[in-house]
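Two complexes are shown next, each including chain A; its partner changes from chain B in the first to chain C in the second.
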Partner chain A sequence: MPEAYHLPSGQYDAWLATLRRHGRLIAPVMREGEYRFDVLADDELPMLGRGLTRRSPKWVFFPQHEAMLRFRRQADDYASAEVAQPNNTPQVLLGVAPCDAASLPMLDRIFMDNYHDPYYAARRRNTLVIALACARPTSTCFCHALGGGPADAAGADLLLTVIDGGYLLETITPAGQSAAAGWGLDPADGDHREQATRAHAVAVEKLKPIESLAGIEAKLEGLFNHPLWREAAEKCIACGTCTYNCPECHCFDIRDLPLADGGERVRGWDACMYAQFTVHASGHNPRPDQGARWRQRIMHKFSYLPANIGLYGCVGCGRCITSCPVRLDIRQVLDAVRRALPEEASRGTV
Partner chain B sequence: MAPCNCHNPYLPYPMVIRQVTDEVEDRSIKTYDLAFRESADAEAFRWQPGQFCELSLLGVGEAPFGIASSPAEPELLRFSVKKAGVVTAALHRLKAGDQIGLRGPLGNAFPLELMRAKNVLIIGGGFAFTTLRALIVSLLDQRADYGDITVIYGARTPGLLMYRSDLDAWQSRSDMRMIQTIDQPYVGWEGQVGLVPAVLEQTAPSPSATIAIVCGPPIMIRFTMPVLARLGFENQQIYTSLENRMKCGIGKCGRCNIGHKYVCLDGPVFSMAELSALPPEY
Partner chain C sequence: MSQLPAEVRACIAEWLAQGEIDLFIGYEASSLPFQATPAFIRQPEEVDRLIWDATCENNLVSFLKRYRGQKVGIMLKGCDARSLVSLMREGQWIRERLRIVAAACPGVLDVRRMVELAHTEIENLPGQLLPQGWQHGETLTPLADIRHVTCALCLQHTPTDYDLLVGDPPPEEHPDSFAAVREIEALSSDERWQFFTQELSKCNLCYTCRNTCPMCYCNVCFVDQDAPRWFTATTAPPDIHFYQVMRTFHLAGRCAGCYACTRVCPQGVNLWLLLDKLRADVWELYQDDAGTNPDAKPPLTTYREEDDNSFVL
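After this line comes the complex of A and B, so read on.
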């Protein structure tokens, strides 16, 4: 059983002050009418427990834009290129939903296996991740179809659960343990743990029953040329919002950005849903239509990643469903995958 | 002091261009011989034929290119660049003495170990001869390790054949067979005339204990594969090198995949046996 502490409401403000001493505090707040993760001002309080933020907090580790290299004006002077130093500021990411935390083990494999990505790795190393058990699953949640759950602590260093008059704080990783050991909190007792267990059970009950997606990679094997991809893409306007809001999508572009006194080589989010994503210099495009791009998005998440690293590229947060401007629902596409007959694929419409 | 390249795979080595050569008559391809600016970088850089690098221009961007020289050529690091986009157009404006960046070597290599003591059949077309040049130089450097070496290389016109002086030198060797061919008769051309698949059929190399490497435009590959099959080659004896759009070159940016294989990490060299198990997404 993991170590656990009791955080009564009366100690909450002092605890937040302790977190701020640990590092920059990033937590959900309202900004410009949007519930989202942001860096908190010194006197600002996090707004915990209001459900999922519209966008995932993946930018904390993998920002939408970041300089990788900086260079001076004389662009031909290659020796002048300098590594943009990865952000080494210690930070605390507070109030992460379990589904968002669950995306981190997959992103870790992408960015830190084989070639080590120093930018992502620095932020991972310097960020303490404190998840908050989900108390309000919604109709678009399907974490439980992917083996997750409202109190799943994978990817988090610590897990908070709301209990009567405060929180239960469970330590998950050694980093979480050593941080919590210095916070001067009282150990939780059996009653606190029991309350948390009950809260977790209540949240699980709120989830709509759903068929597990385990093993769907086997089902996808014979469906590469199935008409279902074109059907899924019919309404799609290729805006890419699903990928931007997804906590797991990690495709990026690298571009050089000229500035007044030099320039930067910048990495920015990119998306398989865009026609330009794979187009060759010759004009040839291996994924020539939106059906092929939908197929890539589903195959990457549910077939290629399981084959390569044994993890799905989806945590079931449902953001791609709630943010889609034409109401495309990945669950319906996955249902179509389940129902699909491989022999229909031989007609090959994509 | 320059930051250490070893821990940041996105930081290019600083290079200087030693020489720029027009490679073909329509001036669409230039060949660049590069040198490392730091001797430590040169020491650390080890590659095998078939691998590629990202050439990098500050303020413009990066693009991947196969390494056209062999590790058996001391002090030579060569790339041939066809003008076809923003980065390549900027590259074509560079001259000897200019600086450039390089990331790599990236990807896998031709299966030299597998070729040992076997016959090697190399089939190339047009611009896709860069890493094949590196391969041929490496094979000839350790000539005794391999059986018969046959090279069939075709282009539309004599002036579009790359590495003419190498081709002529190989043509005059008695320990290999070098067949140059052009698509149609051409004044002054005394070599073979005919498309690569036809010349292959006519040459009829034996598939026995032979590894075939095929690199060329998609149309050439499409018509060459059935000929190899008719000659008795099995998919696991045939290798090719693929190109897909890529950015990072290190398996992270997510755009060069063919099914679950990444051209930048698992390729660019694939056997036809591997490719036949993957979707045709290239």
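After this line comes the complex of A and C, so read on.
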């Protein structure tokens, strides 16, 4: 059983001060009318428990753009180049939803396994992740179809749960344990734990019944040339909002940013929804239409990633559903996959 | 959700059955409350899915470029119809290939305003839409308080050229559409810089504005060209400004003020302010409105000796 502490409301402010001493504090706040994760000002309080932020907090580990190399121009030559150093600033990421936390084990496999990304790894190593058990699952949540749940703390170092007059704080990882050991909190008693267990059960009750997506990778075998992709994608306007807001999407492109006295080689988010995504130098586009791009989106998340690393590329947060400008619902596409017959596929040339 | 009237559905089904159109682009209910989704109807028996009400926010004209050479039926609000006019006067579509179902539109919903009023998430918005407004719990919120902010600038509630009409055309309001532009023009250069820097800081470069704009029909957009590459596509302010300013300038004399870009922006950037400034300039310099006359020549493709050239350095 993990260690658990009691954080009464009366000690909350002092605890926040402790977190700020640990590192820069990143938590959900309102900015420009948007509920989102941001670095808090010294006197700013986090706004916890208002549901999911519009955008996922993946930028904390994998920013939308970052320099990997800086070069300077001297006289008429690019005389010096310098590799950008990973950022080792200690950080605390507070109030992460369990679905967002669940995306981290998958991103870790991408950026810290076969291929070791020093930028991602440094941020991950230096960030304490404190999840908040989800108390308000909504109609677009489908974490439970992918094996997750409102109190599933995989990926987090610690898990907070709202109980009467405060929080229960459970430690998940050794990093979480050693951090919490220094915070001077009283251990939780049986009543605190029971309240948290009840809160978790209440949240689970709120989830809509949904068919599990486990095993959908087998169904996707043989659907590569199925007409469903083009049909599903017809209303897609090919913006990248679903991929940008997704906690799991991690495709990027590398470009040179020219500046007055040199430039930067930057890595920035890319999206399979874009026509230019993976277009070849010859001009050949392996995914020539939006149907092929949607197939890539679904196949990557539900077929290639399970095959390669044993994890889905989707945590069921539902952000792609609520943020889509044309209301294209990934659950409906997955339903079409379930209904599709492989024998219909041979004719298609999506 | 309000299904299209039976006689309208029957007529669309007939167009499809007779081969007068290959495809009808309209709206149907989505999985989210108070938000319709584009529907692509090819079989007469599918027309019962079609709806029209204040949830039908998208501008469907932006889909037309995919169906060049086909005969298409389409549902248009007044604003959407203006963007079609601009498209037609650039020779990108001809009226003979279209069947237009016009919607008399009193304004479309901004679900984010509803979210603020109901203190809930977009996916959990309660209540129902009545002719008088939005009934949620004990509260009846009039449409004027929850329609999109750009609907208060509406240049045309009902299309003027159509084959079928749905609904009773509301009186046209003719608001002073450039009032906001003049307010910003009155600010100092520093204040304007501050204002737009702040506004554009919300942009996350997803290109939804470009992709929903009927007039953004370049085969390859300047931000996507890679030989040469014009654009680094970072979210650093210079890149965001470059993208938004260049897109706006590219729409000079072409933007009809349908405001679809602003309505779909996932980040709520008030893009219409930039575009209305351009529309105001084009009106002042060339007395041209891109959304009224499909036979007029776009001002930047024509030359008159008396054309204003005071801005040429």
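A few points about this structure:
As a convention for this text, the second predicted complex is superposed on the first by the 343 of 350 C-alpha atoms of A that agree within 3 Å, B and C clash if a C-alpha of one lies under 4 Å from a C-alpha of the other, contacts with A are read in each partner's own complex, and residues count from 1 in each chain.
Definition applied: a residue touches a chain if its C-beta (ideal position, glycine included) is under 8 Å from a C-beta of that chain, and two chains touch if they have at least 3 such contacts.
Treat the numbers as computed from the prediction; the structure is a model and nothing was measured.
When both complexes are overlaid on chain A, the residue A:255 reaches chain B and chain C alike.
In the superposed pair of complexes, A:39 makes contact with neither chain B nor chain C.
Contacts of A:81 after superposition: chain B is touched, whereas chain C is not reached.
Once the two complexes are laid over each other on the shared chain, residue contacts for A:328 go to chain C alone; chain B is not touched. With both structures placed on the common chain, the touch criterion links A:282 to chain B but leaves chain C unconnected.
Of the two partner chains, chain B is the only one that A:308 touches; chain C does not reach it. By the document's definition of touching, of the two partners only chain B reaches A:116; chain C does not. Applying the stated contact rule after C-alpha superposition, one finds that A:68 touches chain B and leaves chain C untouched. Common to the chain B and chain C interfaces on chain A are residues 253, 255-256, 258. Across the interface of their complex, chain B is touched by residues 68-69, 71, 75-83, 110-111, 114-118, 224, 250-256, 258, 263, 265, 270, 272, 277-282, 284, 286-287, 292, 296, 299-300, 303-304, 307-308 of chain A.
Those residues of chain B whose C-beta lies close enough to touch chain A in the complex are 2-3, 7-12, 14-15, 37, 56-63, 84-85, 88, 98-101, 218, 243-245, 247-248, 250-260, 265, 279, 281-282.
Residue ranges of chain A in contact with chain C, taken from their complex: 32-34, 51-52, 54-55, 64-65, 138-140, 234-235, 237-241, 244-245, 253, 255-258, 266, 268, 274-276, 318, 321-323, 325-329, 331-332.
In the complex of the two chains, the chain C residues touching chain A come out as 30-32, 35-40, 58, 62-63, 112, 121-124, 198, 201-202, 204-208, 211-212, 224, 226, 229, 232-236, 239, 264, 266-268.
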